[in-house]
Amino acid sequence: MNLHEKDVREIIKRALAEDLGPGGDITTFATVDPDKEGVAAVIAKEDTVLAGLEVFLETFLYLERSVDFSTGFADGDVIKKGEVIAELMGPLHILLTGERVALNLLQRMCGIAALTSQFVQAVSGTKAQILDTRKTTPGLRVLEKYAVTVGGGKNHRFGLFDGLLIKDNHIKAAGGIKEAVESARSKIPHTLMVEVECESISDVREALANGADILMLDNMDIKAMKAAVKEIAGRALIEASGNMTLERVGEVAKTGVDFISVGSLTHSAKAADLSMKIK
Amino acid sequence: MNLHEKDVREIIKRALAEDLGPGGDITTFATVDPDKEGVAAVIAKEDTVLAGLEVFLETFLYLERSVDFSTGFADGDVIKKGEVIAELMGPLHILLTGERVALNLLQRMCGIAALTSQFVQAVSGTKAQILDTRKTTPGLRVLEKYAVTVGGGKNHRFGLFDGLLIKDNHIKAAGGIKEAVESARSKIPHTLMVEVECESISDVREALANGADILMLDNMDIKAMKAAVKEIAGRALIEASGNMTLERVGEVAKTGVDFISVGSLTHSAKAADLSMKIK
Amino acid sequence: MNLHEKDVREIIKRALAEDLGPGGDITTFATVDPDKEGVAAVIAKEDTVLAGLEVFLETFLYLERSVDFSTGFADGDVIKKGEVIAELMGPLHILLTGERVALNLLQRMCGIAALTSQFVQAVSGTKAQILDTRKTTPGLRVLEKYAVTVGGGKNHRFGLFDGLLIKDNHIKAAGGIKEAVESARSKIPHTLMVEVECESISDVREALANGADILMLDNMDIKAMKAAVKEIAGRALIEASGNMTLERVGEVAKTGVDFISVGSLTHSAKAADLSMKIK
Amino acid sequence: MNLHEKDVREIIKRALAEDLGPGGDITTFATVDPDKEGVAAVIAKEDTVLAGLEVFLETFLYLERSVDFSTGFADGDVIKKGEVIAELMGPLHILLTGERVALNLLQRMCGIAALTSQFVQAVSGTKAQILDTRKTTPGLRVLEKYAVTVGGGKNHRFGLFDGLLIKDNHIKAAGGIKEAVESARSKIPHTLMVEVECESISDVREALANGADILMLDNMDIKAMKAAVKEIAGRALIEASGNMTLERVGEVAKTGVDFISVGSLTHSAKAADLSMKIK
Amino acid sequence: MNLHEKDVREIIKRALAEDLGPGGDITTFATVDPDKEGVAAVIAKEDTVLAGLEVFLETFLYLERSVDFSTGFADGDVIKKGEVIAELMGPLHILLTGERVALNLLQRMCGIAALTSQFVQAVSGTKAQILDTRKTTPGLRVLEKYAVTVGGGKNHRFGLFDGLLIKDNHIKAAGGIKEAVESARSKIPHTLMVEVECESISDVREALANGADILMLDNMDIKAMKAAVKEIAGRALIEASGNMTLERVGEVAKTGVDFISVGSLTHSAKAADLSMKIK
Amino acid sequence: MNLHEKDVREIIKRALAEDLGPGGDITTFATVDPDKEGVAAVIAKEDTVLAGLEVFLETFLYLERSVDFSTGFADGDVIKKGEVIAELMGPLHILLTGERVALNLLQRMCGIAALTSQFVQAVSGTKAQILDTRKTTPGLRVLEKYAVTVGGGKNHRFGLFDGLLIKDNHIKAAGGIKEAVESARSKIPHTLMVEVECESISDVREALANGADILMLDNMDIKAMKAAVKEIAGRALIEASGNMTLERVGEVAKTGVDFISVGSLTHSAKAADLSMKIK
């Protein structure tokens, strides 16, 4: 997906308001000459995948349009420990005031991209694609889903509004898979697929029989997944879901599923270790 | 700190807008009878510390004022794996629509409270208090700082506006510790302490000589910290900072520092494993 | 689709701000005793289909929570000329101040529902379903799409974000139907169908060959549509589009297409003739 | 009236948010190279009056500041079927993403200007001026009132806050025309005229006797209007109102009234038939 | 004018955000038991005119819906030094947190009402009415204009949008009084009077000759005003303006002008001396 | 403190919206050619201290980016009656539309700076510094606190969130000075001083005994202040507060207090007399 400048700026605006409050950065105000210019380097303190460079820079530009920068990297690049990701030039007080917010955002995005790229690596050689989920940080979904694509993953639906996913509770509420699928087809736009969560082979059969476009195999073990893939036999797309780890994902991919959705991409990615130094 | 309802609601509003988009929860719309009532149980799938119950409930109340709940717990309670944290009663479609956003928030807050309480445990028997930092999730600082206090931690300054912390870059920009401290005293409200980051014993001496109220020992090893505490001899408050881990924090506490600030409380806390089941 | 109260209230808030400005309803202020209660009847001055009753009422409730109402109708009901749709009870000055905004919204929504129901009538007996488009009033799409469903129509995608529709310009930019479809499949969530606009039988063949899920027959005459339906032979869903009128839509439906999208539902619906009288 | 850029941008922002949602234009994202430049022509598919060119262009500029354009026309110009109104140059994906919203706004505004100019034509040779009403699209009043002036019409009050119009309900609430007018004079700013709705000659007499500045002849037939104009004899301004059509408006104008207010200018104007083509 | 709850709440929300910041009232948080209830009395420390009681109360209600109050007074009442204006009952911490913002608003409004009532007193026995101006506190105009009416004054136009006032600069720009008045009549809604600023008798004559509805005598001395009133002889309304003081306003009123506009009502009113005491 | 452009723009946006409403500056629209350029001079009609020049200019820039200006002054400069503070060049209609709002802001800020500088003058030769309070205009605090520093004053805490000030009500609620101070120390960030309001020598003693960092001597007479200063003997910072006037403040300063807080700086400063003339 694309990052829209308007979404990015809204997030930055909110994050800066939170950090600056009504009174501003009092330490910098009290100790730094507002006319002094400076240069700051962003340095990787561990290997990572760059994601969110634009977001990082926009944080400073939001504070002051005259900030400039240079970089030899772009989102998606692998960054080695010790490398200088970018240099910022501008009023020293702006560089200091924006530092923490800009890093908080960049570190999180790089962390997600790096973790995603590990999962993608782990399934290479299979047809399976790594998907994200809706288990994102409230308010930052657009950044986190973008970081997933930078790391080589593919986005699942953005939210509740652009994809239909019939889960066990929906099935129960509707009175069965058949009823749920039929009701969905009649009410949602024809541009959306119908995906049904299946917890057993009998769920799989019923969903197929009622024309589901996608089956989500939920929390199945490898053996059950293999059986399901065989049963489906190409009649629907298959998404595997539930407690995916780097250790296990390769084996899941080999069962022949089309997609593997991984909550931990956004839920448990560790922030990349980056720092900013005034030169 | 307190959670203000207005801040909580703003975060919830944003998170729901992000998940619902302009079109809403199409799956629930398409499969669940809007007149059907339901009951949902929130269940702990691992041991944790409860934090954010109000935030969890407000998510549903934001969608529909008629949702009700019952619980035997309050924020700060230790929750055991398998326990039912709370039950929600209300329109089934509301329970389904709000589930993911409400859990995303609650899991994060419980994770932070649980991690904080481990750090607090690790320094028990010393006078050291565990502090958070500004390394929080952009947009969620108010929730995360609250979760830290629920876990037994103490809040550092909220942002750049309510605490003065003179770091190396400020010192360099001001021309020295003496110049930085003097400039700060003359410009900031008299209600604020002056805290100075020290990287060596000589920094410590200079900061003390110029009347700093608090010294932050930055990235010092245990031996250097001990020397610094001895040098300071009660003339200033002492905060230890830099790469604090559960393994190391107890030893740091024993050096006699007053505060230990831990970025990972908010930066790297794992989300608690919680789920919601419709009964 | 559902109307979310939050979306409705946002629209009402904006519409009232526009009409009231910073100074308020000066005529009512200057002539009506603020303690006087009143009753107002909303009367149909022509036959119509009721849509937007909640929106109408919320306009007054936004101004004053104590307004009450009674009605014998619900959205979707056919209303006959002269019938009283609802009665409002509350402070007289509130009824007068909210009248125009509430009617502007209700008249527009009823007009759309009534026109939609005429189109639905015109294709009865065929399998074709009537769809809306994105040719809605900027800022009111959620209300207008809801009114279409009230009138018996089905919603197309809500916006650019929840449905993929590859038009001639996209095909040209991508370098051909094949390239466009392949690129789309690889980049968009797997929960979305791929729809391709076809202007000729050869477009139809190419789109089918590349696995398009839905074909939009754009501005074809009846003969061309019949040929296309025959060619497709159930291998994809079919949407007919372009200058649909009440006169022509029945014949289009008989060609065997699945969906007919009609821009004029929202674009050219006449506002229903309704009035409000203080009793 | 003037279009203020801030108001225009607010409307555009809202309309784009509605169409783009949190996820953006997925079709264009998935099929169009973001570095590709393009040229688009806006073409009239029927005769119309140009209104809203700035609004059209601002839609694209809101998405991307680098979009440029050329045009030989200005608001108010008569456009002939087949003429190219303007050409846009810029990133192809921006042109495609903004197309529908920009056209939705422009088509509506041109439609209003064209209809207004027909009404103005129909009363030419008389002193009567064509006025708009408050029967505008909620949220778009500023654009629609501007379009009326572009078409040669004159604006009535903008909203409830900048003009006093005492209607039958106000009169009833105040206890009579005399009471309503007196109360109004004492409470509203002296910079505002007092206008009174009259349904009969006796209303006219009473309003005149109490010093009304403007009389609105509401839903009178031609004969009654003539009598009213004669009775008034220049002692107040006269506005005719109620179900004005192109067929009837000329005759109304000839009765000698000063103003004729026409709800259908904004209420029932058909959108102009315009299209945008990528070259 | 009326106070609309939505406007009041917007102002209160902003004022509380300014005072509470992201971190809240730390003193009260740190020292007051959140479960403790309290009673607070608002006491006049000087004579004043009550204005803004609703605004005062809404400040606390915004923080917490359970706050209650009792009062024997209403806006417009004269309050004597030492009287208890109202008592508030509710959570003690809410009473303490809202105190300053609530008082800041109430003191300002009472101050304006009291000063206005002195001016009204000073012109009693003449037909002159006291008007406010646009010299109000940015962001608080709606409260200040309301306070003027509470004090017995009359509102001038609310802003630039609801009244036409042609000043010297407009006259110069238009090319003369005649040109300015004619242009205005042709472009503004017919519901608005045309007011012209006159600095001399010759201005008065030219404005009258061109049909101005209101003449503003700007900065004239008493003698010039008398001459102007005589010249006008009832052919237009007359507003006197410019450096009005309590000392001088009575004499101005006796010249026979209809209105006297007084910038200092809102510009220089001293805040009333009020305090809040916890009982 | 610094003025952040984002805060300034928010205030200007709100102030202009209030003055322009949805309809705009109708007088200027109706009388001034939109293509006409003009020059405006801002002239001091009394001696003052310049504060807010940037705010003044931003008001016009908000309306139109092409406005330019020249000035020989900067904030903090003493301005003499009759001097031209700045000249503005730009579209004449923009200069006229922005005039009142820009002046309302500038006059208020200059008034505060001038009054502050008088207080600072009155305590010269002592160590006492003049502080502002939270008795500011709701919504304009950031501008008013900035103006205080321009006039030579020092800012007290910005709001309730960045400084701890334990007043009589907090002491009562906590159960005594000892309890309040201890509770505060344990709950607030260690970066904040503890200030305690003292009404008597015994309060002073108790606060000192419990380690308060700052004592506020509230409403004490000169004799009591002298005794308190002697008692404190350098063990805490001292702030004098309560009904400070220009007449009395010098004597207060001579008692040896560190700070004197003056509510009237922002509460009762008269707006500076400035005007704008089109050349």
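Remarks
We call the chains A, B, C, D, E and F, going by the order they appear; numbering starts again at 1 in every chain.
Basically, contacts are C-beta pairs under 8 Å (C-beta built on N, C-alpha and C of every residue); 3 or more make two chains touch, one makes a residue touch a chain.
Given the structure is predicted, the values throughout are model-derived calculations rather than measurements.
The set of chains touching subunit D and also touching subunit F is given as A, B, C, E. Number of steps on the shortest path from subunit A to subunit E, with steps defined by chain touch: 1. Centroid distances built from C-alpha atoms place A farthest away from subunit E.
Think of it this way: of A-E, A-D or C-D, only one pair shares over half of the D-F contact pairs by residue number, and it is A-D.
Centre-to-centre spacing of subunit A and subunit F amounts to 45 Å, using the average Cα coordinate of each chain. Centre-to-centre separation between subunit E and subunit F, using Cα means, comes to 23 Å. Of all residues in subunit F, those that touch two or more other chains are 18, 20-24, 26, 29, 141-142, 158-159, 161-165, 187, 192.
Chain contacts in this assembly form a complete graph, since each chain touches every other chain.
The touching residues of subunit D, when paired with subunit F in their complex, are 1-2, 4, 6-7, 141-142, 158-159, 161-162. By the touch criterion given at the top, residues 13, 20-24, 26, 29, 34 of subunit F touch subunit D in their complex.
Residues 131, 154-158, 161-165, 186-193, 195, 214, 237, 239, 258-259 of subunit D are the ones that touch subunit E when the two sit in their complex.
Across the complex, subunit E is touched by residues 17-18, 21-23 of subunit A.
Residues of subunit E touching subunit F in their complex: 11, 14-15, 18-33, 36, 38, 92, 96-97, 100-101, 104-105, 108, 134-142, 158-167, 169-174, 180, 183-184, 186-188, 192, 267-268, 270-271, 278.
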